[in-house]
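In the two complexes that follow, chain A is the common piece, with chain B as its partner first and chain C second.
== the complex of A and B ==
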C-alpha cells in the first residue's frame, strides 16, 4: 500500500481550524445548555402543572430524537415551514443546545431529587423560605452530585459535535473529510482525524474520572 | 385521666400555654394518623410523647411547625392559630427548634457553619457574630473542639448534639425533638440525652417524641401515651410509669419490658 502521511501536515491549518471549531462548539453549547437544563429542571419540579408538562414534553421530545435528525430538521425543514433560515453554524448550535439541554434537565432534576427530603425540611424548620432552602441547602449539595454526570455529558458532546459536519460546519470532522475528498487519501485522513479526536478526548475523559473520584457521593 | 383530674400534679399548670392542640386531625390518604388530639404544653414544661410506632406522635410534632398540614382542628402557638400563609408560617417556625431522628445536618457545611447558618440566613445576623454565637453553643453541647469538622467526620451522637446547637441558635421558645436518639448507637445515646436533660433544667419548653422510657421517667414533667392516632392517657411520669390508669398503657409499657 502506498501511504502518504505528508497530506496531514500539508493541510494542518484546515485541521487545526476544525479542531478549534469543535472545541468552540462544545464550550458554547455547554455554556447555553447548562442554564437551559436548570430552567427546564426548575419548570419540571414546579407546582404549576403547565410548566411541568411543557418541560417534560420538551425533554422527552429532544432526548428521543437522533441528534443528526434535529440538525437536518432545523436546517432544511424550519426554513420551509417558517421564514427562519439559520446559518449552518447557528443551526449547529441550536440543535446541539436543544439536545444537550434536554439531557442536562434530567441530570439536574435527578440531582435535586437525590437530596433527602429531610434536608429541605431541616432548612424550612429553621424558618428559611423555600427559595433560601433550595439555594443554601439543596442546590449546593445537588451540584456536587451532578458535576460528574455533566462531565460525562461534556465528553459525549465533544464527540457528537462531529454530526454538524452534515450541514457543512467546518469542524474537525468536516475539515478532515474535505481534505480526504480533495486528495483521495482516505486512510491517512480518517486515521489523522481519529488520532486528533482521541488525543483531545482522552485527557477530558481522564479529567472526568478525576471529578468522579473527587466529587462522587460520599455520605 | 384528663388534665382536670391531674392538674394538681402538673407542675407548670399555672404557666402560660405555649402550645395548644385542639381536636387535631391528620390523614394520609385513607389512613387516620391523628384522630382529634387535644393537648396543652405549658411554658418550661418537658412533655414526652410515647407510644407504639405509627401511633401519631411524630406526626403531631411535624404538624406543630407546619411540616405537615392539618385535616381538622387547630394548633395554637402562644394563643395564635398556626397561619396558612407561607411567610407567616416562617415567623412561627423560627420560634421553634426542631431536632430530627436522622440529624439532617447539612453535609456541605462544617459543624460551626451548620449552627451559624440559621441566624445568618433567617435572622440576618452578621456572620462574625453568628459564628461567635455558634461557637458558644457548640461549647455548650461539648463540641467546641469539633467546630471545623464536617458532619461525615462526626459520630452520630456528635452530629445530634450539633443539630441541637443548630436549633438553639435561633433562640427558640420551644424545642421539638423527633425521636432524637433512635438512630444512634447505644453508646452515644447517653451524651445526647444528657444535653437534653441540661436544656430541660435550664427551663426550655420541650416536646420530645421518644422511646427512651428512662429519660421520660427522669426528665419529663408530663407524659402523653399515644395509640392509633389518639391519646390514651396523659399524666405525670409517676402516674404513667408506676400506676397507669389504662390497661393499654400497661400493655405498651409491659411490651417494652418496663417494670417501674
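== the complex of A and C ==
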C-alpha cells in the first residue's frame, strides 16, 4: 500500500473552505434555531390549546425523523409543492433549523418547567406582575439549566451539518469527498476529513463537559 | 400540482425490503452498542487504571466526529487500510456500533454513578465481592434508571441507519432514493417514507416513556 499524504496539503484550500462553511452553517443555524425554539416553547406553554397543540405536533414530528430525510424532503418536496426555489445552501439551513428548533423548544420548555411552581406563585403573591415574575424569578434560573443542554445541542448540530453534503452543499464532508473522487486517494482524504472534524469537535465536546460541570444542576 | 402515489404501490415489495433492512440494522446496532457500551463503561469504572485515558479518549472522539464520517471511513477507507472488502450492511453495522457505543457507555456510566456510594460501601461491608456488588446492588437499580436514555439510544440508532444510505445500504431511505430517481416522483415518495419513519420512531419514544413510568419505582432507593 503506498500512501501519498501530500494530496491533503495540495487541496488544503478546498478543505479549509469546507471547514469554514461547516462552522458558518452551525453558527447561522443556531442563531435562527434559538429564537425558533423560544417561540415554539412559548406557544407550547400558552393557554391557547390551538397554539399549544400546533407546537407539540411540530416538535414531536421533527424530533422523530432522521435529519437526512428532512434534508431530502426540503430539497425535493418544498420546491415542487410551494413554488419556492431554494439554493442547496438555503435548503440545508431550512432543514437544520426545523430540526434544531424542535430540540431547542423542548429544552426551553423543560427549563421553564423545572422551576418549581411555588416560586412563580410566591413572586405573584409578593405583588410582582406575571411579566416581572417571569423576567426576575423564573427565566434567570431557567437560563442556567438551559445553557448546558443548548451547548450539547450545539455539538450535535456541528456534527449534523455533515449531512448536508448529500445535497451537494460544499461543507467539509462534501469537499473532502469531492477531492477523494478526483484523486482516488481514498484513505488519505477520508482520514484527513475525520481528523479535521475531530480537531474542531473535540475541544467543543470538552467545553460542553466543562459547561455541564459548571452550570449543571445537581439534584 | 397533482400527486401520483402509484410508484409506492407498485414498488411496495422493494419498500418492504428496505423497511426490513432498516429494522434489522437498527436492532442489531442498538443491541451491539448497548453491550459494547456496558463493557466500555465497566472497564472505564472498574478496569485497569492505565487503560482509562484510552476509553475516555475513544468516547470523547466519537462525540466529536459525525456519524457520516465514521460510516464513510469504515466503508471506503478501512478496506484500503486492511485490504479486505466489507459489504455495506456490515460496514454500517460496525460504524454505527462504534459511534453509538460511545453514547451508550456514557449513559451506563451515569446510571452506575447515580447509585449512591453508600450502597456500594454497605455491600462491600457485608462481604460481597465486586462482581456480586455490581450484579445484585448497582446494576438492577442503574438499569431501570437508564431506561429513558436507552430509549433515546434506540431512536438514535433508527435515525442513524438512514444515514447509511450514503454507503448504499439497501435500507428504507436508500429504497426511497432509488425509486425517486427512477420514477421522478420524489415528493410523494419522500413524504410517504417520512411518515413511515415517524410511525416507527414515535411509538418507540412513547413506548419507552410508558415503560419507564411503569418501572420507575424499581430504580428508586
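Just so it is clear, the second predicted complex is superposed on the first by the 217 of 219 C-alpha atoms of A that agree within 3 Å, B and C clash if a C-alpha of one lies under 4 Å from a C-alpha of the other, contacts with A are read in each partner's own complex, and residues count from 1 in each chain.
Heads up, the rule we're going with is that contacts are C-beta pairs under 8 Å (C-beta built on N, C-alpha and C of every residue); 3 or more make two chains touch, one makes a residue touch a chain.
Model, not experiment: these values are computed from the prediction.
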item: Partner chain in contact with A:191 - chain B first, chain C second, else both or neither; value: second
item: Broader residue contact with chain A after superposition on the shared chain, chain B or chain C; value: C
item: Touching partner for A:215 - first (chain B), second (chain C), both, neither; value: neither
item: Partner chain in contact with A:165 - chain B first, chain C second, else both or neither; value: second
item: Partner chain(s) touched by A:140 [first = chain B, second = chain C, both, neither]; value: first
item: Which of chain B and chain C A:73 touches, first, second, both or neither; value: second
item: Which of chain B and chain C A:81 touches, first, second, both or neither; value: second
item: First (chain B), second (chain C), both or neither touched by A:60; value: second
item: Overlap of the chain B and chain C footprints on chain A, listed as residue numbers; value: none
item: Interfacial residue positions of chain B with respect to chain A in the complex; value: 65, 67, 86-87, 90-91, 93-94, 96, 98, 100, 102, 104-108, 117-118, 121-122, 152, 166-167, 170
item: For the chain A and chain C complex, residues of the former touching the latter; value: 1, 60-61, 63-70, 72-73, 76-77, 80-81, 155, 159-163, 165-166, 173, 177, 180, 186-187, 190-191, 193-194, 197-198, 200-202, 204-206
item: Residue numbers on chain C that touch chain A, as the complex places them; value: 1, 60-61, 63-70, 72-73, 76-77, 80-81, 83, 155, 158-163, 165-166, 173, 176-177, 180, 186-187, 190-191, 193-194, 197-198, 201-202, 205
item: Chain B partner contacts - residues on chain A that touch it in the complex; value: 116, 118-119, 121-130, 132, 136-137, 140-141, 144, 218-219
